[in-house]
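Below: a set of structures, written as structure tokens.
What follows is chain A paired twice: with chain B in the first complex and chain C in the second.
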Partner chain A sequence: MKDIDIVIEICGSAGEGTISAGEILSRFMSGQGFEIMSFDSYPAEIRGFGKCVAHTRISSNPIYSPGKLADVLISLNDNHAISQLPTLKESGILIYDSQPARPHEEDKSVAGRTKPGMISYGIPLNMLAHKAAGNARGMNMVALGALSALFHVDKDRFTDSIKARYGKKKQVVIDANVNSFLEGYDWAKENIKKSDPYSFEGVNLPEQKEKLIVNGNQLVAQAALDANLMFYAGYPITPATKIMEILSKELPKHGGTLLQTEDEIAAIGAVIGAGFGGKRAMTATSGPGFALMTEFTGLSVMAEVPAVIIDSQRAGPSTGMPTKTEQSDFNSAVMGGTGDCPRIVLAPADTKSCYEATVLALYFAEKYQTLVVVLLDFFLSNSIKNIDVPKKPAKKYRIANIAPKKEDLKDYKRYKITKSGISPRAVPGTPGGIFFSTGLEHNEYGRPDYSQAGHLKMTQKRYDKFNAVLVEAPAPEISAMGRGKVDIGVISWGSSAGAAREAVMAAQKEGIKAASFSSMMVSPFPEKALIKFADNCRKILIPELNFSGQFADFATCILKRPVEKLNFITGRPMASEDILQKMREM
Partner chain B sequence: MMSFNDHYVIIGNGPAGNHAAKTLRKKDKGARITIISDEMIPYYYKPKLTGFIADEIAQKDLLVTSLESYKEKDIRVRLGQAVEQIDPDSKSLVLKHMETIKYSKLIIATGSRERLLPFMSGYADHLKFITSYTDVMDYKEKIQNAKEFFIFGGDLVGFKFLKMLNSMGKKVTILIYPNAFWPYNLTEDMLDQIFTSLSQFDVSIIIKDDISTIDKKDNGSYRIKTLKGVEKTVDMVFSFNGLVPDIDFVKGSGIDTDYGILVNEYLKTNIDGIYACGSCAQIYNPDMKSYSASIGWPNAVVQGEVAAYNLLGDHKVIESVGRKYFDLEGVKIKTTWWGDINDASQE
Partner chain C sequence: MEEIRSAYLDETLDTVRAADFLQYRSKDLPTWCPGCGYFGIVDALYRACRELDLKQENIVTVSGIGCSGRTPIFINTYGFHTLHGRSIPVATGLKLAREDLTVFAVAGDGDALGIGGGHLPHVARKNINITFLLFDNSIYGLTKGQSSSTTPHEMKTSSHPAGNPDTPLNPIRLALAYGASFVARGYAGDPQGLKDIIKNGILYQGFSFIQILTPCVTFDKENRTWKNLKENVVDLTPRMEEKNMETAMRLAQNEPHGVGIFFWDKKRPHYQEILRNLNKGN
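What follows is the complex of A and B.
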């Protein structure tokens, strides 16, 4: 038995079935028991024929990052695939259309641009698609068929998987896809002499478990439903729109309400309104929307109204690069806005933890009566991973409001000072639970209070809550340190954590003493744990997907020692290979 | 010499093509130089393939030159790209993946491919050939897992393959056609010598017999019957019956061919600016007034260099005599194919 770890990219133009081919491949491989992680990139513009890439990593072992370079590139469109060729490994495999509809001028074909060392397999994708279904639409399926023949994938099982994928479509659609797949499979089997070492045959696979194939957005929506979400307001924006799309169908089934607002300011306003009314409420947006919402976030903190914002980060300030990933909203999420405004920020590290983060966000928001931001990014929102089916949240996480007791309501102080900072919260309609609530600084009854002592007391109260969260915050993920100090500690957050973890594992195999640290809880930050970790590391490396090293600067303030930054703004997810290379150089 | 606008294209990535490219770059620092090959592996020692199958040498040890050396010499190498057509009028090539490439001058050095004897075409589907790295990659694992082999031993490579299988502990049967041996028919003396030398291996030798049937069985093995009633069940059947020039793509281009590409003693074809060298070429001998082909690594090296010099305007005449003898356990055949490649191919 052997292992396999392979990255396959399918590159085509929008409308050529690139993304759906990637999805079919991922789902099939997951069904066969492989670990998969896939990530699509596509043009921001809705119209046009821009470049699409479906990137899928398939492994017989656990994987934590999508892999930087591809082992296999399938070109459905040479114009686009030429620009994708630099991401193919030097010993990579190109599968291309050997009989395109039109001849290529010199250097306009991807096959002609391959480098020595690469292996290229020409398949008449266009011709076989026409043979199978009378048009070129099935080129993607022909390519999957050829791929299956080349890498010894079970033909019948894959065919069944395609039938299942298109099961609800007309028979003619199912037939066209299946026939295209089979044409590609049979042609490659008959005509291609395999020159590469990859094979899915006889691979050692872990014990089969029920797996869910999902992306981060789907898990956020599912977690919100499972965690008793009752109200969602939002304005569509890439890459968060899918959350709203799912909830628009599912939330009403759970008795909840979804409101599409005129903009993001209205959305957060509505969420705070619903939160004030005692309903679990949230919105999802991206950087530009989050910037608008900042106007309202202070109200959630000041008036102590539960509110959850999912911010799926994309590249650049302003409209930026809508379909590229980045981790550059850290400062904005943790520190943005006015005044001393403590808020909880969670940053899931992988697809699976998107579920946990969303459940916790709704729980924390309700229990601690404050704003909670969940920092996703384009990669987490859209990358598909097969995961164990998440456990539904316990009742504690679904109903968390600390309601006033009878005696509290005799002289109800909505903002009563307590040890934890949490005041019993009456929802409108609670007999005796009448109170004032505004954005103004206030006393325990909620009435405006601009006194120095009052402001200090209330600010301290808000920070007490903030610090109290740490007691039940998820513990940081720390890799086994072994005995004594390590040479390099890699500290990461959000979607970079998987790549960091993989890089550390690879570094250890190379004999580099290294360990990794990541925390889903980024505000408040588990500072003691971080300091303890760093004390055992001779050097600290902080990789993240932003230009300035926003988290690294934040961590430096905690650690009070210099750290090595590793920053990328390529629009692509963090690559373990880049972290490993940096570790070698340190 | 510097000719920035020229694009010299060499079809073929063996010793002839590579030495042509190297010579062109040495003499012309400015021109674009491109090597095109349908094989995916960079320039490699073909005679070492048997050692590679037997895992005696690693893949990296097959390679003659590093990819870096091409970069240093600014020679572009297009691998896995087959030429489908040559159009001398527009000075362009059409590749199999339908890309058109313009050239100023062209050297064809595509070497040879397997020779299928006409009387074997009836069971061609059951035969396997080893003439390239691609063939080896296709069969290596199967060869290692298989136990019994049948070889049509019609050339010297077949003997070498037999020797390799024997060293791997495989059971081998070899059928020799003395009158269809390549490159020369075997005399009775030579046949006797071969029989004697092969007898030292654990091998069944069939001579002066012929195949009656080859049937593929459901389990993937082959049942072979000869006219004289010998019956064998084997896992794989290989054919080694020499080579023929690999020049199918030249058809229709106007370049004169016989069984190889016809060139004069300067290795020039009938079309200006197009040269051919190595085992794909049939070279004119003015003394004999006839064309003859050559085989072997050292010949290919020399011809590649001469073609390059002449393409650049020189008038070098190619040496027409092979320089080495093949020696298999005392059987000597005049050829250079099995010459000492480590001597002959030094960069």
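What follows is the complex of A and C.
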């Protein structure tokens, strides 16, 4: 059977159906058994005619990153597509409108800008859309029709998929979309002489069980519901808002409560209040909101009250670039705030592990009575992947509070020193369990205590949880090392890990001896595993999406040896091509 | 000083025992200054809990930072001493997650109107079912006498030795303007009267805002002293029968030392009831 691995970008202006065309294409291809990963980019402004790009990678094999360059660029709007042309491969294919509503001024047509080696297919998108439905709205469908004809995609299955997508709409809407698709398909079949190598013909993938087509935000919300979330408080902020919107609909059905607060300070305050009450609680935010929550993160750790914060990172300090992706909250999440303040931080590497990370976050927070931060980013929050339906968490992960036993309540010490650092926790309403919690340093009863010995003992207790949680932390993902040393070990974290993994696989094919390491658990970090991995690597490369190499510096402290940094702040997800290029140069 | 009658002085112990509320007192001795008005406030709180026969384990007292922040240490309920200005959001989350509990949020004037002033409008307009006690001594006590949001204009303080340049806030007027449906003022020197107000606040199923006039005996020797309070505090109850907004606003404006329940909208549903009603249709 032949393989296919293709990146298709649809570029248009906001309101031209760019994003929905990408979504229809992804859903259809997923239904056909392909792996898909898609990532849309759009302006931060709601109004206006900003540039939208629907980027979709379709493959008959597992994929871990969205791919940097496109094999196919479909232009619904040449003004925008011209600026997208640099990400089209040198041998890429351009599909453009050959009879636009208004003729292009000289130099303003994307077809006139292609490089030698590229293939251009002009399709009268606008004309055919008018022919099909009387207006230009169906241009996106005409383009998909033409694409299907060119690449030998099954016409009938695709039209069935469009019908299903618009199934709930009026018949006239369904007809308009299907007819536009068919116009594009038939026109391309008759008029285009194919000169590219891409074809879906003969790619027959085995029947797959039903796949979920989701983004990270949707999975976080689903995981939280499955893991017994009972309270959510939040304040709208891109790119985390969708989590609140989903939960506002779903949480009441599960008997929980959602609160939209006046700011992020109140959101984390309410989460800690609910946590004090013994209910699982969470908030989601991005950099600016996370900064506001900092004081409360210290209280969660100090008073040992469970709290979960999802921080979907966006680019830059301050307001930064709200719709661009970056991994620059590492320091803030792992080390931010005041005092010696150990907290658990999880950074899922891909869409599907957003589910696992959220379940673990709620579990760890409750069991270890502390703060857990989950680091997503704009890419993970919004990129779409087709995945197997996640398995619901076992009871152990849904109910985890270690309650005091009868003998504990005789002389109840809420902050009793134990080997694991976990003290049995009474929830309000428990007779005999009355205690007092404070952000002040305190003794085992929770009463203020500023003695040297007391502060040392309690600080040690809070750090002891680190040892305990590491025992049940998810193991790092390490690619097969083979025998002997490798030349390059690529260590990555969060959403860069997929690209790193693909880069290492590609490097191995080129004869570079390489291996990859990534850990969802970033605080506390599985240091022993990291050191063991690095001992087997002649050189270390750490790619990440921030300017200064926040994680690389952190890892250097553990490894005590120099590492090679690779940093991007382009606002785009990590590309395996860039890592591979760096590996070749090393 | 002979005017000061703290609940913990020996001569009052018998009355305290007779009142049968010692189970609401923790074993820790308060760290407040002798003569502090806060003794009167917790005394009223114990009595209100006793009269309503609330179980200690079903109460949580949430506080912020400052002298008032220590309150939960001295009350035998579940207690949470949180961050400066943040008792309201913490109490809000707690109450929404645990409707079965009685939740007190306490705050000082710096807590509630300064650093945490942004939370007050929202807890009021949402009508979260908690009882909020504003320990208003019009000064920052724990940091030793700086101007607060209710310090009188031109009063000399350690942060404004030449006189406070700011105009003080009027907490009752604010609470009314924010849409709080139970707005009252009590006086720390009258634990019986304050107890009745707190009791009504607990009974009210919604956000009850209770400002409590209390002196800082250590850092305010001229303005809100026991002497001044004793001379000026006036019971407005007879003039408050109507409980309409116009009367409440007028009294709030004209009677800075008037105590009683200014406004009480008994019919307004609290937040969880509103949520239940809204979610019924979905």
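Going forward, the second predicted complex is superposed on the first by the 583 of 586 C-alpha atoms of A that agree within 3 Å, B and C clash if a C-alpha of one lies under 4 Å from a C-alpha of the other, contacts with A are read in each partner's own complex, and residues count from 1 in each chain.
Methods note: a residue touches a chain if its C-beta (ideal position, glycine included) is under 8 Å from a C-beta of that chain, and two chains touch if they have at least 3 such contacts.
The model shown is predicted, which means the values in this text are computed figures rather than measured ones.
*Asks:* Contact-wise, after the overlay, does A:259 reach chain B, chain C, both or neither (first, second, both, neither)?
*Replies:* second
*Asks:* Using the touch definition from the top, say if A:119 reaches chain B (first), chain C (second), both or neither.
*Replies:* Touch status of A:119: first partner only.
*Asks:* Can A:193 be said to touch chain B (first), chain C (second), both, or neither?
*Replies:* first
*Asks:* Between chain B (first) and chain C (second), which, if any, makes contact with A:96: first, second, both or neither?
*Replies:* The answer is first: A:96 touches chain B but not chain C.
*Asks:* Which partner chains sit in contact with A:272 here, chain B, chain C, both or neither? Use first/second/both/neither.
*Replies:* A:272 sits against chain C, while chain B stays out of touch.
*Asks:* May I ask you to name which of chain B and chain C touches more residues of chain A?
*Replies:* C
*Asks:* With both complexes overlaid on chain A, does A:236 touch chain B (first), chain C (second), both or neither?
*Replies:* neither
*Asks:* Pick one for A:104: touches chain B only (first), chain C only (second), both, or neither.
*Replies:* Only chain B is touched by A:104; chain C is not.
*Asks:* Which bits of chain A are touching chain C when the two form their complex?
*Replies:* Interface residues on the chain A side: 230-231, 233, 249, 252, 257, 259, 261-263, 265-267, 269-279, 281, 295-296, 299, 303, 428-440, 447-448.
*Asks:* For a test of understanding, state which residues of chain B touch chain A in their complex under the given definition.
*Replies:* Contact set of chain B toward chain A: 40-42, 67, 70, 77-81, 94-102, 133-135, 137-138.
*Asks:* Quick check on the complex: what are the chain A residues that touch chain B?
*Replies:* By the definition above, chain A touches chain B via 96-100, 102-109, 111-112, 114-120, 122, 193-196.
*Asks:* Can you name the residues of chain C that touch chain A in the complex?
*Replies:* Result: residues 26, 28, 55-60, 62, 72-73, 76-83, 86, 88-98, 100-101, 118-119, 121-122, 272, 275, 279, 282 of chain C touch chain A.
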